[in-house]
Structure formats: C-alpha cells, structure tokens
Amino acid sequence: MTTTTDVPTRALKVWQGINQALVEEMERDERVVLVGEDVGRPGGPYGVTRGLRDKFGDLRVRDTPISEQVLVGLGVGGAAVGLRPVIEIMFFDFAMIAMDQIVNQAAKFRYFSGHDLPLVIRTMAGAGGPNGAQHSQNFEAWYSAVPGLKVVMPSQAADTKGLLKSAIRDDDPVLFIETLGLYTTRHDVPQVDEYLVPIGVADIKREGSDLTVVATGRLVDRSLEAAAQLAEEGISVEVVDPRTLQPLDTEAITASIRKTGRLVVAQEATAQYSFASEICALAVEECLSELKAPPVRVASPFVNVPTPVPLAESRAPGVDDVVAAIRKAMA
Amino acid sequence: MTTTTDVPTRALKVWQGINQALVEEMERDERVVLVGEDVGRPGGPYGVTRGLRDKFGDLRVRDTPISEQVLVGLGVGGAAVGLRPVIEIMFFDFAMIAMDQIVNQAAKFRYFSGHDLPLVIRTMAGAGGPNGAQHSQNFEAWYSAVPGLKVVMPSQAADTKGLLKSAIRDDDPVLFIETLGLYTTRHDVPQVDEYLVPIGVADIKREGSDLTVVATGRLVDRSLEAAAQLAEEGISVEVVDPRTLQPLDTEAITASIRKTGRLVVAQEATAQYSFASEICALAVEECLSELKAPPVRVASPFVNVPTPVPLAESRAPGVDDVVAAIRKAMA
Amino acid sequence: MGTTAGRYRVMRLSRRFEETMHDQFGDGQVPGPLHLSIGQEAVAVGGCAGLRTSDAVISTHRGHHHCLAKGARPDRMMAELLGRTAGYSGGRGGSMHISIPDIGLIGTNGIVGAGLPIATGCAYGFQAQARDDVAVCFFGEGATGTGAFYEAINIAALWKLPLVFVCENNQIVELTPQEVHVAGELWRRGESHGMPGVRVDGNDVDAVADAVGAAVVRARAGDGPTLVEAVTYRWFGHYAGDRAAWRVEEEVQQWRERDPLIRTRAALPAEQADAIDEGIEELIGSALAFAQQSPVAGPEAIFPNHYASAS
Amino acid sequence: MGTTAGRYRVMRLSRRFEETMHDQFGDGQVPGPLHLSIGQEAVAVGGCAGLRTSDAVISTHRGHHHCLAKGARPDRMMAELLGRTAGYSGGRGGSMHISIPDIGLIGTNGIVGAGLPIATGCAYGFQAQARDDVAVCFFGEGATGTGAFYEAINIAALWKLPLVFVCENNQIVELTPQEVHVAGELWRRGESHGMPGVRVDGNDVDAVADAVGAAVVRARAGDGPTLVEAVTYRWFGHYAGDRAAWRVEEEVQQWRERDPLIRTRAALPAEQADAIDEGIEELIGSALAFAQQSPVAGPEAIFPNHYASAS
C-alpha cells in the first residue's frame, strides 16, 4: 500500500490528477508537448486538458485534424528529434487506427536504432458515457503483448498523477490508459513537490489473507468496496492493483496469490484473451500447489458495448459481481 | 482425429490447399471474389493465388493499391451489398492498419443491422522468411478477443483447405490466419467433392494419455514430432489443434486436459497476453483439481523478430523446446 | 423526391424529427448521444434525390437526415434513439449505429472516416455484380483529415467506381473550426486523381440535387466517381448538450437566416406548404407515440446478433 | 554534395554498394531481404544535396541510397546487411530497419507509408523546438495508396511544417505496374492543400538537387512543405531474387541507357571520374572486409534494446 500517512493529501478527481501532472511536467521540461484532437482551445472533450493551451501556447499544446496515424507519428518523429511528446488519442478505440505507428514504429524504434523514444500516448478507455460500441472498448491486453512498449493503466487519482509524471520522464514509449468511468471519481493525492509513482510496480490497495483480487480500472474501487462488504462477514480480501500491465509486476501478484491461495481477477474488458487470462495463467504456472480453488474471472460478457448508459452499466461488472466471484472462489 | 482412412488422399502443400479452396469456392459461387495487393497478375507474393485471375477475370480477382483500410472496406461494403469477398492482407502485421475496419466495422455490422456479413480476411502470419520484425508477428489473440469476429488458424493442409471453404460459406466475418512457415509443408488432403472442416471444432491430431499439448500453427507439426520422440520413452502425449481460436472449442480442450492432467501450450507468438494465456486460464478455471503439474507455455521470447532467418528460427520454439516443456510438465 | 414539395417534405420531416428528439433529450429520454444536423437538411435530401432503394447511402455520426432521406422509418428511428426495443437496432445502438441494408442505408458510424472504405466496397460490389446501382457517401469536412478518405478516392478513381463522395462541410469539426483541420480547398481534392470536383451551396436543396444528381447519373453510366462539397452550417453544438459557447453568435444567426427550409418552402404555394407541415406533425406525433409505446430495451438486449448461428 | 564530383561520388558509392551486396546475396551471404535501388541513385543523392547532419531523412524499404546519401557508413551498413554484429542494428535488422538518429537518418522502414507520419513528427519537432532544420521524406509511388500520405500532407500544409515530400516514382509497386496503383498525376496531389508540387527527372541528379534544394530552402525559411515527384526507374526486381520476369525487356533496356551515373560522370573530366571510381572501389573493398571480419550475429543478438533500462 502506498503509505501516504505522513504527507498532506488533497482529494482530487482523476482528471485533475492528469491535468496537474501535465502542467507540472510541461513547466519542468520545455521539451514536453501535448498534441491531440481538441486538446487545445476546447481543453479536451472531457475537459481534462483545460487551461494548458493558455499556459503553454499553441505550439506546445496543439490541436490536430482527425488524423490518428499522423498523430502518433508526430510523437514518434518528434521524440526522435528531441521532443518528449504526449499524444492524446481521444478514445482508446481510435488507437486501432494508429496501431501500426504504435506497434511497428514506436515500439520498435529502440530495437533498431538503440535510441531513446520518450513518447507518451494517453487515451481513454471503457464504458462510462453514452458512447456505444465503437467508443468504449478495453483492449489493453493487445498492447501489453508488444515488446518495446510499456502499458500503464492506473485507477486512482494519486497513481494516475504519479504514473503520468513517470511516463513523461520515461525514455521508452508508454501507452497510458485512462479510464473514462473514473474521471470524476475523487481520491486523496499527496501534495508533495515531486509525486512520482514508478512504472512496473503493483500496489496492494488493501491487505487481506483469504483471497487475492487483482483488479484494474474501475474494478479497483469496486473490488475495494466488495472487500469492505465481505470483511463484515469475516472474509479477508487483498486487493492488488497492478497499475502497469507491461512490464507486469509478477512478483507482487504471485506473492499475494501464494499468501492467500485464492484468486479473483476483475476487469472491465471481456474475459477471453484478456488481462485476466494472463493473471490466471501466471497463477497456475507459478502457484499451482498453493491454489485452494479455481480462480474466477470477473469481466464483461463477450458482447459489444451498448449505447444507453444503463445497458452499458449492466454489462460492466459491478460490486455485486465481484462479491459473487469472491464467494464462489471461497466456497 | 479427423478420420480420413476411407477416403483417397493426396499430399498437398498448404498453399495448394488454399489455392484449391479458392478455386472450388469461386467456381461454385460467383459472388465469391478475391481482392488484395498483388493477388492477381503476380499470383501473390508467395504464389498462393496463382492462376486465379486467368480463371476468373480481373473483376473477381482484383489487384489493389497499397490501401489496407480500403481493402477491408471493400470486403465490408461488398459483403453488405451481396458479394462474398475474400480479402487478402499480405502480412498479418499489416492488418493493424485496417484494424478499425475489422474490429469496429466488420465485426459489429450484424450487431446493429441484423444482417449477414459474409467476409473472409485471409492473411499470413509468423516468421519463416527473412522478413523481420514488421512482417512476422503473431497477434492472433488480439482478434480472438473481438465479439462478432471468428478467427481461424489452421495448421495442416487438409484443415486449411476445408476450413477456408467453410469460412467462405460462413455468414459472419472470419479472419483466416495462414502460417507463412507452413506454406510449403505437405500433408495428406482428402480428395472428395466437398471437403469441409467445421469452424469452431478442435481436432485431436494425436491421442495420448499422459499429457496434453495444445498447439497452433507451426507448433502443431513440431508438437507431433515431439510426441513421437517421447513415445519412444513411453510418454504418451495428446496433441490438440484448436484450429479455430474464436469461437474456441473449450470442451474438447478441457476434456483432453481432464484426461491427461498435464498441459503444455505451444505457439509461435510470445507468451504474455496470448493464446497460451487463455488456454492456461481455461485449464485452471475448469480443471484445477485434475491438474497434476503446472502447465507450461512454449512460446517465443518477448523480443522482436529479427530479420536473418537463422535468428528468427532460433527465436521460434522448436521441437526441442516442446520436448523440454513436456519433460518439465511430466517431472 | 424529384419535386420541390417532395424535397421540402423530407427536409421538414428531418427538422421536426430532430427538434422532437432534442426535446426528448432535454427531458432525459435519449440515453445516447444526439448529433443534430439541423440546418444541414438540404445536403441529405438533395444528395438522395436521385437515388433508388437499391442504391447505397453511407452516413456518419451525424446522420438522421441521411437516414430519413434514404427512406428510414421515423418511428423506428425514434424508437432507436429512445432506447426502445422497436428501434432499428433493438434500442442498443442509438443514432451512430443505424444500419438498414434492405433500404440501402448501409449505416451511420461512430468512427470518423470509416464510412469511406465501406462506401468504396459497396460501389465495388455493384460493379462486380454488374448492377447499375450507385453508392453515395456522406462525410464531414473533418473526415478529410483521415487517410481513409484518400485511399477511397484513389481506388474509386482508378476503378471508375459508381460512387459519389458528398462532403458535408458544416465548417465545424467537433469543437474546433474548419481552419484547424483543412488545408486548401476541399472540392479540389479529387482533381489530381482525375476525379471531377464541384462545390455547391449546401443550403440550396435543388443545387445539391442537381450536382449530386449529375454525379449519380455519371456514376450509374459507368463513368466513375465525383467529389461534391456542399457548404452548409451546423446550428447546434457537436452533440445535444454541448452549448458550443465558443462560437460567434452573429455567425450562427446569419446562417439561421439562410435556413434551407425557408427557401424551399417559399417556392411552394402557401397552402401546399401548410398541408405538408400538418402531415409531418401527424407523422412525428404518431412516430413518437410508437416509440414511446415500445418497451425500453433491458439488459438482455445486449446479447443477440453477434453471430449468424446465435442470432 | 554541392559539386558534380561530390554527387557522382555518392551515386557511385551507392551503386557499387548495392552491386556488392547483390553479389553477396548471390553467394547466400545476405540473410535478409535486399531491395535494390540501382538506377534510382540520383533521387537520393540529389534529394540530400542541400541537407546538413541535423536535418532529418525518412526512408523506405528500398533505402540504401538514402542512407548513404545522408552519410551512413558503408562498412556498418554492409555489416548490417550481412547480419554481422558491427551492423547498425547489431545485424538483426537488415536493410529495412536501419536507423541512425545521430546523423539524422531516422530510418528505413518495412511498412509502406509508415515513414510519412514519422517525417511529419520530425518536422513538427523542429518547428516546436524553433530549430531551422528540415525533414525530407522519401517514399515510393506505391505509398501514395496509403492514407498516411494524405494525413501527412494535410497537416504539413496546415502547420507550414519544414518538410519536403519526395516521391520516388520508379513506376513499379512490388509486382504490379504503377497504373494499378495511382490515379492521375502524383505531383499534383498537394495542390488542393495549397502545397506546391513539381515533377522532375529523377535520373538527373542536378535537377533533383535543384528542385528539392529549393524546397528545402523554402521549408527552412518557414514557408512550408513541398511535394516533389522524381520520375525514375527500378532496374531490378522488387527484391534480389525476384526476376521480375513479367517486365518488358526493352523498357528496362531503355532506362538502363538513361543511367543517372553515366550522365553525371560525363560531366566530369575523365581523370577525375576515374579517380573517384578508384576511391570508391577501395572504400567498398575495405567496407566489405570490415563487415566480413565482424562476427555473425548469434541468437543472443535478438535480446537487447527493447527497453531503456535493459539496454
């Protein structure tokens, strides 16, 4: 658990954490630029980048046409000649359009050149608005399978801020996945000069001894709530937030599974061929003899995301689903 | 095991199986068209489509510019107005460029319209030539995570022919992944009028009782060879070829794992967030109590594919790697 | 829709359809996004004037007017937007996913630019089947930022596809003005591919019908594609709820005065126009009633129609 | 490379480099693909004539000539192509993945069209850092089929980026002729974006140097991008080993007679030309020796350089 007890904190919405990280890093290093559709004058479709253009000017905060391939190319080429670009791909789904630039270009640049490529691609994933099947998908597992790319997917505001700052300082391309459904959720954020959270390190969000929940995105808070509920019944649940999916902190995760002997993986993505599959595979490869029950994946059903919010919400796993999965794994 | 004992067979190279399937289906149904880069006059970069343009004319066998997005769009739009297009994306890596058309358009068409979309996207995956990091990747797991899409990945010539014919007759979009490293490998192909292999059904390529190998692509033949070697030592290995990754024949796979209690998954892709992860997850969720040892993933190391063939081959798992994994799982 | 009355009727239908949905949105009854095309009706109605059912129309995220002009039923459209089971997608898709292949409405789309490859495919499908049908692809000027647009015009020109590209230039792209997105002149972007291009007043339904109509005739005859830029204006924000507060009010006001409906209505005898309006009110009223009587799509609505066998 | 001698020297170097690699390929010594640019040298050499080290060049799958013209070392290039550890990528990348940012050679590329977004990024990087450097992006006419090209020219034109687009039109795209790929006239594809375009004889190194040079000066001054189409010809198949048997022999012969090296050599005093040739022979000989003495990259060569920390 990130110990923040000695440090003053402030409750921030996740989007504010992002905004602060961008401001701080752009103030610190003038090579940092922000490029994307509607990031400038309008401050982003959800207001995440508001104020930045006025602060840093329109060469460093740049509105682009609807050209996702070139968008990422601006990051790759820009980083190759000395910038430290932050590229915003509005919805994660749109990253598909630029996938060649991400996977074949950015991720392979160092392999052939031996050179740094300090590039962050920020994007927004998951349901949470009435956006529908082409604007709500969770394909984080795809990018996590790419050598040369780092994939960060924070949940709470403090991690989001600290990891974004670390990503901007990182010399490798980082895909930074924000969760739309969390933008307006508040969490305590330490108010220190340099709040950095390291890439590649999982965080135990709650300690427990009976069962491990490995959760991402919106399912972190939901799992914490499930854990709190079950604590009343005497079930002690540990909640692990990997925060980074590539490189994955396999040690922290397997240590927790070994300790508890039971595993639930909770995510917004669908189950097959997903992050949850990888965690289950890790569990059985590394911890088979310690496993007391089959792991359970809590995930969205294998169907498209519908447009109406109530339907989209009915599709995403909720606290109840996590509770049910924990009960199943405890049985 | 596909029983082919009563039927006359002929040894065909995998590419010939593809060519025959295309010819037969185009003769049978004039709505079937073949569209791609260099598929026509040149007969494809590896000669797979040779002879087709002369037979069917250049409206039905159509050479395109280098426009992968529109290539798949030709399939989506063509299928929407009555064609049954077969689209060739030369290398699987290039499918990324058209990923929005595949995932957001083709795969979701039925969800909103309720209409058929009979579309096959053929492509060629994996190492096997001196093609390097941008022409050798195995991202089958990505597409297998997409509701609305079917993903077929055959290994042997007979399956390749029979599954391609089935894919062309299917009313859903099918991603048909060919394995470059297998094109010139020969296998027996039944010589019957209508040789169809059903989508969604795994095949036991070799029966055994001590351990299950689930293998795809080039690793099927390699696993069969490993099994033959180990048979001499008295280890009885069952080799399961899922042939279709979406929908996955989970019953056949779990039945085999339950029977043997031991699992090796062998593939050319890298291990994390892959097909092998999904099979391990399935094993631990469904068969935990029957598992006698931790499953082992045989996969390429998490690095890019190098260009020189000897290096690329050193990266891909070989028979020895499968043997070693089996020994490990048997220990 | 060859007559002025016919064109006015569909424009009026589209206008009242969207105003009604806008009201419903205000009442919290639209569970999805609502991209209003109010002010742009002439582009859709003129663009579809020369089409028959078997022709294909490919639309965008802002596509109610295209759908209605191609013959979609307003009642089922409303049901879809209100999230009802009688909607074209059973209420789960909303306005960005309406697809009715039976009437040649291939689809609205949530992905900017994605309709262009699909339109190319429809046109190729017609050509390969030796059908004399034509595809009309609508897209915003924002979509000209996407590479898909150029891949499409190149292939359409090379293959002489029966395809008409209609760029609906409403001078705004989501939250930024056209100047952020488009270098140079849009209507000329096919020239270097040997494709004729033309710019028309997108608020004049007859001008649009003439320009697109000529292109459709040309395409049907096998003479290849045309690019038509229709200059118009979006009255409202990007989506209902977006106040578009950054816009200059006078500009909006000027364009409101150039309302395509007023122009066309003025060309009709007042009585006839009134009769049309009344007919539309009735149609809208009964469409809304139809939609409202249909059950709200429940959680189970998300499952069907992923695969043929399971449909 | 401002002088005729200088230009001839680099063209000769490129020619002899590739001929030598072609021989090595014949001997089974090149473990990767080999896309020969023989016949096209004037495009690369003329295209880089006005550049300095801090300028950026973005290349393609057929890029030896670009690399050498931008100042890459022939010995390390050879080592790379022969799969030796002294190669620019340690012998694991081959000719489609040479990337030497320190000399402004951003990279060759295996993906057609992928260099165009990256070049746009380099030019934006220069602009955002207020550097007066320029990016020159080479690409084949085949790449004009990809949407990436148009996304790039649109943004470059909008932002007045210091970027020169050099389309190396060798009239062949992999295994099919240009006519399968390109509708209309290439050099005009920037016009509608307000970008100047020009077509030059790509076999005349001075003509290329003049055209690209003027565009570079313009770009450096902040006046924005230019599109240059350099018409040339590929003498060999798509890759070494491809016999390109479907080509008309007379056509190839005609173009061989228009060899850019012969032209430029003829403009030099014979003695000077001979001396250059001799110098190149020596350079090539020692480069080959260097490469051959370097160890063949072994299986361990595939592991480093995936992440900064692990490099």
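By letter and in written order, the chains are A, B, C and D; residue numbering begins at 1 in each of them.
Here is the rule we go by: a residue touches a chain if its C-beta (ideal position, glycine included) is under 8 Å from a C-beta of that chain, and two chains touch if they have at least 3 such contacts.
Just so you know, these numbers come straight off a predicted model, no measurement behind them.
Novice: If we look at subunit B and subunit C, which chains touch each of them?
Specialist: Touches both subunit B and subunit C: A, D.
Novice: So which one's got more C-beta contacts, A-D or B-D?
Specialist: A-D
Novice: Relative to subunit A, which chain has the most distant C-alpha mean position?
Specialist: Greatest centre separation from subunit A goes to chain D.
Novice: Using CA atom averages as chain centres, what separation in Å is found between subunit A and subunit D?
Specialist: One centre to the other, that is 40 Å.
Novice: In angstrom, rounded to a whole number, how far apart do the mean CA points of subunit A and subunit B lie?
Specialist: 31
Novice: Once you find the CA centre of subunit A and the CA centre of subunit C, what distance in Å lies between them?
Specialist: 36
Novice: Can you list the residues of subunit C that touch 2 or more other chains?
Specialist: 92-93, 97, 109-111, 145-148, 151, 154, 158, 180-182, 306, in rising order.
Novice: In subunit B, what residues contact two or more other chains?
Specialist: 64-65, 67, 69, 93-94, 97, 100, 104, 108, 111-112, 133-134, 147-148, 302-304
Novice: With chains as vertices and touches as edges, which is it: line, ring, star, complete or other?
Specialist: Its topology is that of a complete graph.
Novice: Write out the stretch or stretches of subunit B touching subunit A in their complex.
Specialist: 93-94, 96-97, 99-100, 103-104, 108, 111-112, 133-134, 139, 141-142, 144-145, 147-148, 246, 248, 269-270, 272-278, 280-281, 283-286, 288, 291, 293-297, 302-304
Novice: Considering the complex alone, what residue numbers of subunit D touch subunit A?
Specialist: Its residues touching subunit A are 56, 58, 88-89, 92-93, 97-102, 106-107, 109-111, 114, 116-129, 131, 133, 135, 147-148, 151-152, 154-155, 158, 305-308, 311.
Novice: Applying the document's contact rule, which stretches of subunit C touch subunit A when the two form their complex?
Specialist: Of all residues in subunit C, those touching subunit A are 31-33, 83, 91-94, 96-97, 109-113, 142-143, 145-147, 173-176, 180-182, 246, 297-299, 301-303, 306.
Novice: Quick one: which bits of subunit D touch subunit C in the complex? Just the residue numbers, please.
Specialist: Against subunit C, the touching part of subunit D is residues 144-151, 153-154, 157-158, 180-186, 188-189, 191-195.
Novice: If we count contacts the way the header does, which residues on subunit A are in touch with subunit D in the complex?
Specialist: Within the complex, subunit A touches subunit D at residues 31, 33, 35, 59-60, 62, 64-65, 67, 69-83, 85, 100-101, 104-105, 108-116, 147-148, 150, 170-172, 247.
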